[in-house]
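Each of the next two complexes has subunit A plus one other chain: subunit B in the first, subunit C in the second.
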Partner chain A sequence: MVSPVLRRVSERAQLLLEIADDELILGWRDSEWTGIAPFLEEDVAFSSIAQNEIGHARALYELAARDLGTTADELAFDRSPEEYRCSALVELRLPEWERTIARHVLYEQADAERLERLKTSGDEELAGLAAKIDREEIYHRLHAEMWAERLKDEPRYQAALEELRPLVERRNGGSTELTELWEEMTSVRRSQPAGTTW
Partner chain B sequence: MIYEVFRQERKGQAFQHAGSIEAPDERFAEWYAREQYGRRGESTALWVVAREHVLPIEEFVDELNRNYHRVDGYPLKEKLKEARERAGTSKERAD
Partner chain C sequence: MVTEAQVWEALAEVPDPEIPVISVVDLGVVRDVRVDGQRVHVEFTPTFLGCPALEVMRSQMAERIAELGAELEVEVVLDDSWSTDKITAEGREKLREAGFAPPTPRGEGTTLVQLQANGFRCPYCGSRDTALENIFGPTPCRSLRYCRDCKQPFEQFKTI
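Then we have the complex of A and B:
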């Protein structure tokens, strides 16, 4: 089932959705560490990163929603798992800290390159939003770099980097892991009695 | 490593101890301090100091009991009363 709104999607909306989906799904995955990160300070820090990512997703969905005549919430939660355009990297549930950090490092690198491109885009609105997001991502990158430095000699971390690197550019949508996350992420919304407004 | 964090709420105000954080090094300490004490706009500046760099002073010797060094060691009330009586301006008479 493809929601009618997505049948004709502009290239710009397509790109916005791709980034927004990345940020939303990664935000959810990162937030799975809330309460159980390796130590308290990191718990606060990583939860804050998760929150930022979801904030970025919201801003991107809002821009896409305007182009598509819908709302950010509908784009974030009312599409089917097959319609998400996020990278396979962010879909995975990673209950191991070294794999989580490997993903964090790989994602921040790829995201930095993407934001750099967008900042010089002729689309002023998009370039402006990219610049805004990038000002927060600077801190995420710092955090990722610090962890990369700390774990660089750990074989498990190195293995995780190699394992996850090929997933960055893969965007198939609808993986089992994403479908499971989608069930969880949208369950409240889908169970709302008719007529509920948020 | 434990780091002590001091927080300044507004420019020009004194820094006050905000709490302590555990971090593997100074860079992590900066990151965690920002997250915990600066994210909500509650601080204009932070001082982050490794606990081992804090010079603690916990003993204040007063062998000769020089209580006039203390704020409560020099009660003014009695002395003021005597002085007023001498000057003839004690409260009773003024009434």
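Then we have the complex of A and C:
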């Protein structure tokens, strides 16, 4: 467990973990559509978005891991659910399409604003990675934009936006939904003795 | 003694495992090569951050360099220096011949309106009468389009 290390993390590492946790957990949630999306094109889209988000998480964890003297895998999987800093928005399991799209739209908006800020950061390493991530996120935003347009007059979609909007800025850690996801996400890793190499 | 030229030559034979017609050098992901005795230092920058091909490329580069009797050290650069504009002209031609539409130049933009417009050329018949089927495709780097002229679906490289 890396927990003792995290008690004294730098502000930079905290920020990196916050974004990385968002991307990892959202990646997991998006991947839950693989094989069961309402139609094949969306199965492909959400699987691909999930893969990108987890790739972004890995790069961000790698930067944080270097600061903290640990590894990306340990940061991603060996913390307790209470230590994750992700937004409450990404923690939810959303098996309803309109809520999934509402989350997608809200997340991409918030993430775009965050990336814009980071791209002009004085921390060159962080600014460079943010710019790289943003190149890929353009396509996530287009996908969200396309769906927002398609569902804009749908009351269930509007209700989902209202319901989920307050969660964007909420970062509690350790919610029931996150704990359940964490159990699943880390079960294989926890089943092996410490020091196992993969 | 290994030379830098030999290293570049060896790397030019390391294929992208998902699109074997194109090499890591064609892709423009090898940023720099330095030789220090028996150690070869390569600066490598990922294309898409979640691309699983990256690990395979890395181990294949190491194998090639080992064949030259040297040891590879890879420095992964996570900055913004790579874009699809870095794919060489030769690389683009190889993609087109293999049935993949190469990425359009970054200057042409990536808005939904542009993606849904007719600017993308079918790699099979050359027609620009093509439609966007899905922004996403079989790998993160590709979209799916359909040619209305030759009725052929094709994979379009995303511009990033």
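Keep in mind that, in the parts below, the second predicted complex is superposed on the first by the 193 of 198 C-alpha atoms of A that agree within 3 Å, B and C clash if a C-alpha of one lies under 4 Å from a C-alpha of the other, contacts with A are read in each partner's own complex, and residues count from 1 in each chain.
By definition in this document, contacts are C-beta pairs under 8 Å (C-beta built on N, C-alpha and C of every residue); 3 or more make two chains touch, one makes a residue touch a chain.
Quantities reported herein were computed from a predicted structural model and do not represent experimental measurements.
Trainee: Under the superposition described at the top, does placing subunit B and subunit C together on subunit A give a clash or a fit?
Mentor: clash
Trainee: On subunit A, which partner touches more residues: subunit B or subunit C?
Mentor: Of subunit B and subunit C, more residues of subunit A lie in contact with C.
Trainee: Is A:159 in contact with subunit B, with subunit C, with both, or with neither (first, second, both, neither)?
Mentor: So A:159 meets neither subunit B nor subunit C here.
Trainee: Touch test for A:52: subunit B only (first), subunit C only (second), both, or neither?
Mentor: Second partner only, subunit C.
Trainee: Between subunit B and subunit C, whom does A:129 touch in the aligned arrangement: first, second, both, or neither?
Mentor: Touch status of A:129: second partner only.
Trainee: May I ask you to decide whether A:143 touches subunit B, subunit C, both, or neither, giving the answer as first, second, both or neither?
Mentor: both
Trainee: Contacts for A:41 in the overlay, against subunit B (first) and subunit C (second): which applies, first, second, both or neither?
Mentor: both
Trainee: Could you say whether A:63 touches subunit B, subunit C, both of them, or neither, answering first, second, both or neither?
Mentor: second
Trainee: Looking at 4-12, 22-30, 40-48 or 130-138, which bit of subunit C clashes with subunit B?
Mentor: Given the superposition on chain A, subunit C and subunit B clash at 130-138.
Trainee: Under the contact definition given at the top, report the residues of subunit A touching subunit B in one complex and subunit C in the other.
Mentor: Looking at subunit A, the two contact sets intersect at 41, 44-45, 48, 139, 142-143, 146.
Trainee: Touching subunit C in the complex: which residues of subunit A?
Mentor: Interface residues on the subunit A side: 41, 44-45, 47-49, 51-56, 58-59, 62-63, 125, 128-129, 131-133, 135-136, 138-139, 142-143, 145-146.
Trainee: Contact residues on subunit C for subunit A in the complex?
Mentor: 46, 48-51, 78-83, 110-112, 115, 133-140, 144, 158, 160
Trainee: For the complex, which residues does subunit A have touching subunit B?
Mentor: Going by the criterion above, the answer is residues 39-42, 44-45, 48, 139, 142-143, 146, 150.
Trainee: For the complex, which residues does subunit B have touching subunit A?
Mentor: For subunit B paired with subunit A, touching residues are 21-24, 27-28, 31-32, 34-36, 39.
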